[in-house]
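Below is one structure, written out as structure tokens; comments come after it.
So that you can tell them apart, the chains are marked A, B, C and D in the order they are listed, and the count of residues begins at 1 in each.
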Amino acid sequence: MKKLKWGMIGGGEGSQIGPAHRLGALADGRFEFTAGALDHRPDVGREYAQRLGVAEDRAYGDWAEMLAGERGREDRVDLVTVATPNSTHFEITKSFLEAGFNVLCEKPMTMTVEEGEEIVKIAAASGRICAVNYCYSAYPMVRQARAMVRAGEIGKVRLVVTNFSHGHHGDATDADNPRVRWRYDPAMAGVSGQFADCGIHALHMASFIADDEVESLSADFASTIASRKLEDDAMVNFRMSGGTVGRLWTSSVAIGRQHGFDIQVFGETGGLRWESEQPNQLIYTPVGGRTQVIEKGEAGLCEDAQRLSRVAIAHPEGFPLAVANIYCDLADAIAGEARDGLPDAAAGVRSMAAVYTAVASAKDGGAWMDARPPMFQ
Amino acid sequence: MKKLKWGMIGGGEGSQIGPAHRLGALADGRFEFTAGALDHRPDVGREYAQRLGVAEDRAYGDWAEMLAGERGREDRVDLVTVATPNSTHFEITKSFLEAGFNVLCEKPMTMTVEEGEEIVKIAAASGRICAVNYCYSAYPMVRQARAMVRAGEIGKVRLVVTNFSHGHHGDATDADNPRVRWRYDPAMAGVSGQFADCGIHALHMASFIADDEVESLSADFASTIASRKLEDDAMVNFRMSGGTVGRLWTSSVAIGRQHGFDIQVFGETGGLRWESEQPNQLIYTPVGGRTQVIEKGEAGLCEDAQRLSRVAIAHPEGFPLAVANIYCDLADAIAGEARDGLPDAAAGVRSMAAVYTAVASAKDGGAWMDARPPMFQ
Amino acid sequence: MKKLKWGMIGGGEGSQIGPAHRLGALADGRFEFTAGALDHRPDVGREYAQRLGVAEDRAYGDWAEMLAGERGREDRVDLVTVATPNSTHFEITKSFLEAGFNVLCEKPMTMTVEEGEEIVKIAAASGRICAVNYCYSAYPMVRQARAMVRAGEIGKVRLVVTNFSHGHHGDATDADNPRVRWRYDPAMAGVSGQFADCGIHALHMASFIADDEVESLSADFASTIASRKLEDDAMVNFRMSGGTVGRLWTSSVAIGRQHGFDIQVFGETGGLRWESEQPNQLIYTPVGGRTQVIEKGEAGLCEDAQRLSRVAIAHPEGFPLAVANIYCDLADAIAGEARDGLPDAAAGVRSMAAVYTAVASAKDGGAWMDARPPMFQ
Amino acid sequence: MKKLKWGMIGGGEGSQIGPAHRLGALADGRFEFTAGALDHRPDVGREYAQRLGVAEDRAYGDWAEMLAGERGREDRVDLVTVATPNSTHFEITKSFLEAGFNVLCEKPMTMTVEEGEEIVKIAAASGRICAVNYCYSAYPMVRQARAMVRAGEIGKVRLVVTNFSHGHHGDATDADNPRVRWRYDPAMAGVSGQFADCGIHALHMASFIADDEVESLSADFASTIASRKLEDDAMVNFRMSGGTVGRLWTSSVAIGRQHGFDIQVFGETGGLRWESEQPNQLIYTPVGGRTQVIEKGEAGLCEDAQRLSRVAIAHPEGFPLAVANIYCDLADAIAGEARDGLPDAAAGVRSMAAVYTAVASAKDGGAWMDARPPMFQ
């Protein structure tokens, strides 16, 4: 139970992502916060890291300095979290992997498919862990859903239906607010708005629970607020390798929905439903039978669901501890215990390929297109 | 408060639709059951009608006999309900309209768009009421939703998202059951399975609440049970005349969903949500504000919502009384009180056009197509 | 399927109870509205009855006239509904029973326990049906709950917990509104306010589902709006004959609750939960197992639940059709088919005894007292 | 942002309470785990503490050793958590307070009212913080509820209704399981079973949100499993100092309820509802208005609700972070920032007085009794 050493790049003071990662890494006592380059302003980052308990010599001014400082140490950090602006994920992740560090990268892992494929190759060559923070997949009942699918409890999966909708960008009078606007500005957000922001969480979840990969898709994008250059609402139909049909709706103008991320998986002999706002229950219906509520903490759940839950049945655990579950899996994986629930670089590049494909399909009137990265075609 | 005279064609003993219409017509005491041709076997139908209280001379052997018998009477029926197999709706509805009767036709109104357009013209020429039984639109809180949209309470409608999913045809071992199989057999069901059966209710609802018409659509159909020739799962993206974006998912293999018909309408200044399994509440969120529960029976609802509710706030009213609401509107309309909530022949033909367009689009890889009947293009 | 003849006393124009009974009696086509004395103003009542389709000679000025008119007829009404002000229930019910009519009496059946016992005896002597309108017990899923208890599916019942709370009398600024005030005025409402109005529905339900009788109770009453002489909030603890523990809370000042009538029944091997705002589901948990949703209309329900449902699974049916279910049972019972789900005069007098006992207990600091009518002690 | 030093007594390996406190203390990075006496077996406790990162010289064999070791240090721990068996809480808490340490004591704070009063006095004399772990009161939306009551948003509170029911002790075949049995054995649990275990959380919550104290109560206890000497089901009616009426039901045999802790607070101008299984929402209804959903994270919440939430609106946070909120408040309070949401020793002794009073009342047929500790009468 020796604590692992953890470092973070990005996640500076005032960010939301920084505290989420700190809580995730520290809540279960598996990591200690050892090194950091937390801010794009070197002095600010150094000072903040020290305030958070990082020793002076490991409070770095930028990621390159941190790489240089850590790579030579005997007691180098065991894990580096990359929580910087999206456009920098590729370079930093690449550099740390190449130097032999384990990396947890925020999503999106890269800005292009090509970069994503490169990360996959580098990670494989390095023998290090490269995880991507699709943290919803670490909720205990999501793991339980996947385990049930794998165990054949709902039979062959026919259909996956998932939504990730909220209404927090639905106020046109607020659309010029910089905190909202950048997400719909190609110069800052890239080729896609809402689909790249939220939709890929849902798409990853579909693959994760159905235990299959997206093969092709057809998309319909809309900018319901006319000033937006990127979509704020998207529908993506898809097919998985095993023939499963998929439906994914994502929206940021669904006024009244707060965090409407849910997924339904329908197989030959049963159906499952999970909702992120009530993450501690999994709803299961066997064909011809009654709908049942599976509770986090009940007897007989899969190993992951048991391991990744801290308190007894019906005590809710929420989003920050789902992030912590990613760190639990990472701690185990670093200790040599394989954790196949960890989203990896392949998942990261598949998301990027899906984003680019959806953009192309939407522009082409919803034409069906191969959604796989070239390396997986 | 003189009772109106009501006749029904179809809805014989053992059908589910017959009792639903009888309850709908009789529950509020506005109609009396005066004439009927209830069964495709003349003697059986005559006997059953009399058992239900119809006088012998108005218990007919078939619809033609009923038409002949009623058209000449001074005290002819005020309303004829057509509840026969789908393929006969057109001929019967046409004949009764031409003879000057008011008609309530079960959905689908016709089997083709051409027939539908003909009904629209005949109804217009006759000056009679031709209603189609999109009964969900008669729930009080659905009327309230439409009234709120019309009053601008959610601003211009940007987006409509509606689902009509159930899992009652999800058991492949039961797929050859005749009660299930016919719906996926083109010889009996026509060009579409689940979309024509349930999807058009959702599509009608979208138009009804958003107070706008579907203009174009793109469809993805799937037969998730391989033996089926028609789709058991469909996704339809659409655009309305005013630019509103639409998303419609319908499925009969969604194991665990019972009667998963819901609709969300998102506008510039608010969102609405209604679910058919909890029909007495309407969920409303003003932009930037808190989600509120609007209850059937609360003070200040629209005229329709008040008129079409029988018991006080929070006493639930369900599906059979939604059907009864259609009959309430019909009784008023026959008495000369315009009821613009009544689904009319134009709604009927629009549904048919949407079905044919969706079938064509799905065959053509989801190509976007004009979804309007030629007469409304 | 000959229609039965139905008459009503009370339920005049503008009342809410009149339409509820008419819909209940007429919705399923088992009764025709044959006779009535609908208003305390004879002319008004006669005119209104005729407008509703009652023949002139059976549109009576008052109940005595109706009794005189009907008792001598060959084709006398098969059932009389008593829907007059509470203080008149006893005399009218008594008179019609003695004259050999079947009676459905609104609750409370009488104003005193003594009167209630007299009705029980008269009903027994007459051989006629005397039912009391505890209509919630006629919801299909309530019948299913009772059937499951009787079949031992939850084992011996240990505990019943029921609430009937609403907030519609919670506005002190509205407390002088005559429609609200009379309920808390001993001169008009009798010895009890909220408990007599709503609580006895819950108490009846507890007995009905647990299939046992209340033996003793302890009560705590409160007038949370100080100007009220009768309680607007009450808690009643009770014990049933078989030892079952009971908890009953009822309130009219629970602002935010609309029609918060629910019941939970806990036995040795399982638990059940039913809520009147979602009446089409029954929630069941076997000990050590998962919570399940039992749906109205699913395969394998008890005979009553099947018989008293009109539309397929997941089509909701609400309160007015629960009232109609009472009339279905009455029609069957009149036709000689025993319907033991019908609340009878014994249920009526037990309620009155519970009301008087609760009032006495609350005055005596919650002392435990025998809650049975003397005739059942 | 210097980390505070934290020590724990009890909470050894395999306990559930230990990890909950460690996560609570460490999740937000405010404390470091500096000292511990974690097990009743000295060697086991010392070894486990070191494994958890405590330095060897501060990994103590028992609480007395820890007291001796810490009291003399310059860098003594800033906070001691007492998570030992209930019967030892008093002595340990007393000793550490007297030595000038801040203490967080698990509930129940003591075994008797007299001990509780002594702790209140010692804490006052010491000038140190003595908090009791009524952690539910640290959920953000519970703080919001209290703030709304204090701000008069629901007017004077008339009525509080709270339940804490579960079914985890409902299996009679499992009643001899030692993990269950001890709770109903007076030799181990003291004078009360379920009320002392869960009920006092609900009673504390009632006081906390209503911002008032329980003055008198009347109780009904039942052992629904006959072999139990202590109650497994209890109903407590109470009155608060300001006249508020209270209803509290608690049960451990409510099969199907998982963690059924909820509270409703009804005032002159509105009502509030909160449920521990959906802790991130607070339901609010203004009198005469619509029910609204208040979401954790929405704009305009009270200072506590904002401060004690880590992630954006609609990202759920659960029970472990409610415990962490207690530690956040403690860290602030130790730093000199008053945190009046922290449950204190007075709350602890009030709970004990309520337990003894309820036991006495239940034995005396529900007689109403003063429920206050003598020191607060």
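Basically, a residue touches a chain if its C-beta (ideal position, glycine included) is under 8 Å from a C-beta of that chain, and two chains touch if they have at least 3 such contacts.
This one's a predicted model, so the numbers in the text were calculated from it and none came from an experiment.
With steps allowed only between chains in touch, the distance from chain A over to chain D comes to 1. Across A-B and A-C, the chain pair carrying more C-beta contacts is A-B. Set against the C-alpha centre of chain A, every other chain centre is closer than that of C.
For this pair, chain A with chain C, the centres built from the Cα atoms lie 55 Å apart.
Here the spacing of chain B and chain C, counted between their Cα centres, is 35 Å. Separating the CA-averaged centres of chain A and chain B is a span of 42 Å.
Multi-chain contact residues of chain D (touching two or more other chains): 291, 295.
Within the complex, the chain C residues that touch chain B are 1, 3, 16, 19-20, 22-23, 26-29, 33, 51-53, 166, 168, 258-259, 276-280, 295, 310-321.
Chain C meets chain D in the complex at residues 154, 158-159, 161, 165, 167, 170-172, 218, 220, 222, 224-225, 233, 235, 237, 245, 247, 249, 251, 253-257, 264, 266-268, 270-273, 283-288, 291, 365-368.
Chain C meets chain A in the complex at residues 290-295, 298.
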